[in-house]
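The structure follows.
Order of writing sets the chain letters: A, B, C, D, E and F. Residues in each chain are counted from 1.
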Amino acid sequence: MSKHNTINPQLISAIESLSDIGNSRNAYKNSGGNLPFPSRDMLVTILNLTREVLFPGYFGIPYVDNNTLKFHIGVKVERLHSYLSEQVLAGLSFSETAVVPHAEIRDKACEIASSFICQLPDIRRKLMTDVEAAYNGDPAAKGYGEIILCYPTIKAVSNYRIANALLKLGVPLIPRMITELAHSETGIDIHPGATIGEYFAIDHGTGVVIGETTIIGNHVKLYQGVTLGAKNFPLDENGNPIKDLPRHPIVEDNVVIYCNATVLGRITIGEGAIIGGNVWVTTDIAKGVKVYR
Amino acid sequence: MSKHNTINPQLISAIESLSDIGNSRNAYKNSGGNLPFPSRDMLVTILNLTREVLFPGYFGIPYVDNNTLKFHIGVKVERLHSYLSEQVLAGLSFSETAVVPHAEIRDKACEIASSFICQLPDIRRKLMTDVEAAYNGDPAAKGYGEIILCYPTIKAVSNYRIANALLKLGVPLIPRMITELAHSETGIDIHPGATIGEYFAIDHGTGVVIGETTIIGNHVKLYQGVTLGAKNFPLDENGNPIKDLPRHPIVEDNVVIYCNATVLGRITIGEGAIIGGNVWVTTDIAKGVKVYR
Amino acid sequence: MSKHNTINPQLISAIESLSDIGNSRNAYKNSGGNLPFPSRDMLVTILNLTREVLFPGYFGIPYVDNNTLKFHIGVKVERLHSYLSEQVLAGLSFSETAVVPHAEIRDKACEIASSFICQLPDIRRKLMTDVEAAYNGDPAAKGYGEIILCYPTIKAVSNYRIANALLKLGVPLIPRMITELAHSETGIDIHPGATIGEYFAIDHGTGVVIGETTIIGNHVKLYQGVTLGAKNFPLDENGNPIKDLPRHPIVEDNVVIYCNATVLGRITIGEGAIIGGNVWVTTDIAKGVKVYR
Amino acid sequence: MSKHNTINPQLISAIESLSDIGNSRNAYKNSGGNLPFPSRDMLVTILNLTREVLFPGYFGIPYVDNNTLKFHIGVKVERLHSYLSEQVLAGLSFSETAVVPHAEIRDKACEIASSFICQLPDIRRKLMTDVEAAYNGDPAAKGYGEIILCYPTIKAVSNYRIANALLKLGVPLIPRMITELAHSETGIDIHPGATIGEYFAIDHGTGVVIGETTIIGNHVKLYQGVTLGAKNFPLDENGNPIKDLPRHPIVEDNVVIYCNATVLGRITIGEGAIIGGNVWVTTDIAKGVKVYR
Amino acid sequence: MSKHNTINPQLISAIESLSDIGNSRNAYKNSGGNLPFPSRDMLVTILNLTREVLFPGYFGIPYVDNNTLKFHIGVKVERLHSYLSEQVLAGLSFSETAVVPHAEIRDKACEIASSFICQLPDIRRKLMTDVEAAYNGDPAAKGYGEIILCYPTIKAVSNYRIANALLKLGVPLIPRMITELAHSETGIDIHPGATIGEYFAIDHGTGVVIGETTIIGNHVKLYQGVTLGAKNFPLDENGNPIKDLPRHPIVEDNVVIYCNATVLGRITIGEGAIIGGNVWVTTDIAKGVKVYR
Amino acid sequence: MSKHNTINPQLISAIESLSDIGNSRNAYKNSGGNLPFPSRDMLVTILNLTREVLFPGYFGIPYVDNNTLKFHIGVKVERLHSYLSEQVLAGLSFSETAVVPHAEIRDKACEIASSFICQLPDIRRKLMTDVEAAYNGDPAAKGYGEIILCYPTIKAVSNYRIANALLKLGVPLIPRMITELAHSETGIDIHPGATIGEYFAIDHGTGVVIGETTIIGNHVKLYQGVTLGAKNFPLDENGNPIKDLPRHPIVEDNVVIYCNATVLGRITIGEGAIIGGNVWVTTDIAKGVKVYR
């Protein structure tokens, strides 16, 4: 009988080649000894815990009882703090080039996780304005519960608001991983660095892109396929893109942008303006103006 | 040694705030005691079971044997009935405001689950017309099996046909959760309330939106990024959108709509019409007319 | 007490109907006895193993140590070979119509899996050019690690490069399942039959479609929503699409195509050309030309 | 290729025979519709939860913090109540022959679960006397923690004390399943109907049997292989054993029984008596007497 | 920071030593290529499946319904056949020294699995006599259901009857693994080669040993700690024990053997004899004789 | 509808009582912050890993190939080192009363884990002598493989040899947990502090007890139910047992002790002596003497 699963010499040689670090140095990451590692699965767990704490009775905690709700929230917050501290530490260590004492980074990670959790009541408050906006803007919506349970806008904007809070607390890498998780699930790609006001809603959402330096006011509504992007970006003397320049639109309060519209560059869409579907915008739009194709 | 994972006073106070129901009432759902809860995971299980029953040999049941197929179908149908009854009950309870005796709702849920399963042979027949349409419309398709196993159109349209049947049986919430599961996986967003004929195919599919009151005939084909949406929607005296008005297109038999076209409002795209890519349509299109950009 | 979960006569009759093979023959797949079955879950495992071998320290292997890396790579390659052999065999058996001796197909499957693994060092090399291109083209990118860990372009292009290698080795079905997995996760739909050069990057990516006969050079960049599709396809005498005709664009080196542009048909986009956002292209574009809307 | 896994006619006929209820009626259990079912796995979960609540910091809850302990206990008690109610209901339904309204049994099950939980503080207190007895009686014991974490006597006596409390609350079947779980793990077989005082310890334990009507005082110690059994049991007129007669020993305070001793029948081992190893006792032993072989 | 988890040179050298096959040849098993492997976990699954088929409504199948029982039995029998064929093949391959064509052994394994399943109705019939015997012999038993669900005698005797059937069908290794699983769980060690009649019951059971060539009649009852063992065993000229000689007791119908009795050698315990507790027997006991200590 | 699962006031008050640390202080363990915790599940994983490394091809690694064995051993050793370091740290921390710097204990734990692994080749060598002894002593044994795969003596003695090595390296608690795991599975209770020579075999094994200060030579064989125990133990002035005194038997080379024999106290069983079944021994036995009942 032939032995199908045994390793032949070609495979041994492939193993040699794949294990040769000098061969392709950038393909490897050496995070060093026993540091925690950025983990997509742990971030999913963290996001689920956060959702369970933000919307009790909708996720994780099957029903809300005055006597016992605090027990559930308490246990989940403790677990969230523990898991998040590890992932924040992973993010901090991932990017660290200078040698920083381990205990010091770990303390910092715990403090960041704690500060983040203290912001959760405010994040919940903002998300409830987003839920209200989604409900008021969709005749097909049957109630707040439906929106909280299954509207992609709430999934994407929750992840954004969580990621943005972590980014502001100085956490590298993790925020981007969090918004990419929502991007993967909803097709809505919001950079954690964007600034987004309250009562924000995205209808359907697939294909929406909101760039790193975008600023969005209150009561703004986007439809599927809308891009708030950069028109172009200057390169430095080495031909590399210059980081951190404002290059995405400012969208003021009460703006509506219909499906597949593309808005590019550091321009301002004035308060109450309406951008029609499939429209291509690369210049400022004044307050209240309606742009149709 | 410092105790990193212990809860500090700020966290205790965050727990207090997050547990204060009066604080943010709409963020909580009290489904009351021991009712089943709408569960995304259970719906995934239900959809997998349904797929296994609809396409034996492709999913779940590794091969089809005349002697034993009925055993497998029987066991899966029994399990499907049990799980679906629970989720239908969850949907019915979720939306119920009036006090209805529990046993009565439970009986109703079981009957609905049973009625749904009795429609599965017809749903299978319709889906096979969709498979045939996808095969005939794609030169890259190598056979029916490939389409059943991995084409997103079949994933999205299966979920739609299942959700639409449940919606017609009077189930709240659950149908929308089912189509959102397909939306998340395929980027195709079909509202369960839409009406879609046979031999329906969507190529690639990412970004397709089909609104709640859309009516689609037989032998219709859509490409990626097509929107069949509402142009606008009237508000009632309180400024809230009026529910359930027909506001999405009627697409007659044999229509083809190419990629990224946007068709808005209660208009009719006549039989055999062709809408070109990136086209923007807000008025009726007569039979057989071709609209290009 | 009523027995809610018992099976009523209507359900028994639904079971009969669903089990009647004559009823709807194409809905069944009889893969025959004890052949392995194409399994989405196993392909996910295989893709994760491949990623762990390609990017050690980023996925699966928590850190890279000169002493032990080869142990990890060795164990993972052995497992990859075993799992992949099974799925290749599943693919070969799925499509086989003629009667081929089982042992012969099994040997072929093992050889294909082995040949594929021997290409992994080269696939890694190419993917590192893609990582470099993504980094150089995105001011928001903070480092190679962020791109490897979470950029959808790398997810989609990895799956494509893996699927393309398997397709060239003669594996049916499996390559398409692999690119559909990336399509589902990223919204980027690359047919495994496409030809794509090095230093390839897709920004954001949702809605991108790259057809079966597309040819893409080196240093090409696409943005979200770009379609490289067929304009139309000829039918044979029976009205079925003719397979395998070149019908998608040729995109030469250094081309950039901005968001939501649609490029259709066997046309050539010349070296260094730039296609603006939302543009609709169905004719050749000469070298260096910029096409804006 | 032969189809190894297909079902041959002999197997079909075995299936027919195994499905013929008339064939072997007692081998089947028809618990009727949607009642919960006595589940060994659920009982294991329930016992683990109980252990976590009784010994926080040793099981399940990794550390004890004044601020958060109540959150953990609260969540676990709520879960315990829910799971235990289901299993008590399963036990009540399993044995029920008369037709009792379902809602009534369910209410009874919930009350029993609640009463049981209210006894946990007292059960903990008693178990701590058992821990103390084990520590004082074993020169090899290094501390209370070691005894709580891994001594079989604590495992067996915990299960007994839990099962005994449930039995006294009128729960059928479940108590016996609980002590059998400990029997399987420790080789110590204590019938839930036995009466056992405080400061009770069993050393090593394998092979110990304590019968249904045994009465044991305080500060009693047994070694491995000790049987406290029935000498014989009277039959009724039909030749069946008469249930519930006292037929096992009474063991008074401060008795020690060494390894493999056998004590049979409704006899009394008087206070402070010592029964030597391998001794066979079927008559009363007076206070303080030492019986050696 | 020190890297705690990295591998030091001593560990590398331990790896070298542990990987050196020449070093300790018998510690390795080379089962060759892609043969299935004897798996304790798979045997547990197989035993659970068998129990579910033997006692429907008690294990696995939550309730018995005339309409659907056959579906459940059919699916479980098919799965049982598939899993058991693999493990029988593993057993056959494990012991094979001569080179036998693979396909031939595989066919043999499938036939054995099929023959075994055809014996299940008879195994069920015998086990129901054992259940009856346990019920009649224990005043503490509340009903057949309690005995089927949790009495160790049924667990141990089920495994024995299954293992014995497989042994008679010529399967190596697997039968012994099956009885060891029961030994581990119940403390009852029955060799699969023993011959045991109907209406067989073991009370409590911990410590019972029944040797390979033991023959037990009908209506025999044993208590905990009973050994039916060999007195001694002759060695061959090389000092190795001679295999397969009858060396354990013959126990005729209606014998009772009380706890911790030891019965050794190829002796006969005559019909209706009673062996008292802790008794040591190495010579024939005539019919009806009572042996007490 | 009544809310069965809600928490009533009695339960709230039980929660209060169970959370009151002052109430029953010894029932709580505060291991402090983020220390690892002794985990039965992790120890099971560690024991499985160790078995896979000791007996490749029998456990975990499905077949042994000269080319790849080292990869498997390497990966498993690395994982074993990581998991074991954590559990050793848990053991060290568990018992620590003085305040020792955390990093120092962690380093010590890693060194101990490393030293332990370096002893594995010698542990394997000794275990192979035990396998040989079991094979030579059992006419029912069909080969070494059967003994390695399923004989309880190997399970129990493996755990003992592992636990004894860890105990000698100064690890508290963990060794006892490891031997209790074997006790639970086999009914064989060997204290990790015992000293046991080579070629050691226990037949059947249920009920065997080997005390902390027992010393066993080479080529010793025990049968089921044998106790090597303490006769009594002196108390200190407070009435507590004095720890660490030699109080169990010394069993010299080539001794056989038959089933259910009890050997108590610091006595010596001389070389080649035979102790018959059910015998009770509390005095020295000279070389070569046979003691029968």
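As a convention for this text, a residue touches a chain if its C-beta (ideal position, glycine included) is under 8 Å from a C-beta of that chain, and two chains touch if they have at least 3 such contacts.
What you are looking at is a predicted structure, and each value in this text was computed from that prediction instead of being measured.
Chains making contact with subunit A as well as with subunit E: B, C, D, F. Note: the chain lying farthest from subunit D is C, by mean C-alpha position. Chain centre most remote from that of subunit F: B (centre = mean of CA atoms). Matched by residue number, over half of the contacts between the chains of B-C recur in the interface of E-F, chosen from C-E, E-F or A-D. Where subunit A touches subunit D, over half of the residue numbers in use are shared by the two copies, so each contributes mostly the same positions. If you average the CA atoms of subunit C and of subunit D, the two centres end up 56 Å from each other.
Distance between chain centres (mean CA atoms), subunit C to subunit F: 51 Å. Mean C-alpha position of subunit B lies 50 Å from that of subunit D.
In whole angstrom, the spacing between the mean C-alpha positions of subunit D and subunit E is 25.
Within subunit F, the positions touching two or more other chains are listed as 2, 4-7, 15, 32-34, 63, 65, 68, 70-71, 73-74, 78, 82, 187, 206-207, 225, 260, 278. The residues of subunit E lying in touch with subunit D in their complex are 53-58, 62-66, 69-70, 73-74, 77-78, 81-82, 85, 103, 106-107, 110, 114, 117-118, 120-121, 124-125, 127-128, 131, 136-140, 142-146, 148-152, 185-187, 204, 206-207, 223-225, 259-260, 277-278, 293. The touching residues of subunit C, counted against subunit E in their complex, run 5-7, 12, 15, 34, 63, 65, 67-68, 71, 82.
Those residues of subunit A that touch subunit D in the complex are listed here as 68, 70-75, 78. Against subunit C, the residues of subunit A that register as touching in their complex are 2, 4-5, 7-8, 10-11, 13-19, 21, 23-24, 26-33, 35, 37-38, 40, 94-95, 172-173, 176-177, 180, 183-184, 187, 189, 191, 193, 206-207, 209, 211-212, 225, 227, 229-230, 233, 239-245, 247, 260, 262, 264, 278, 280.
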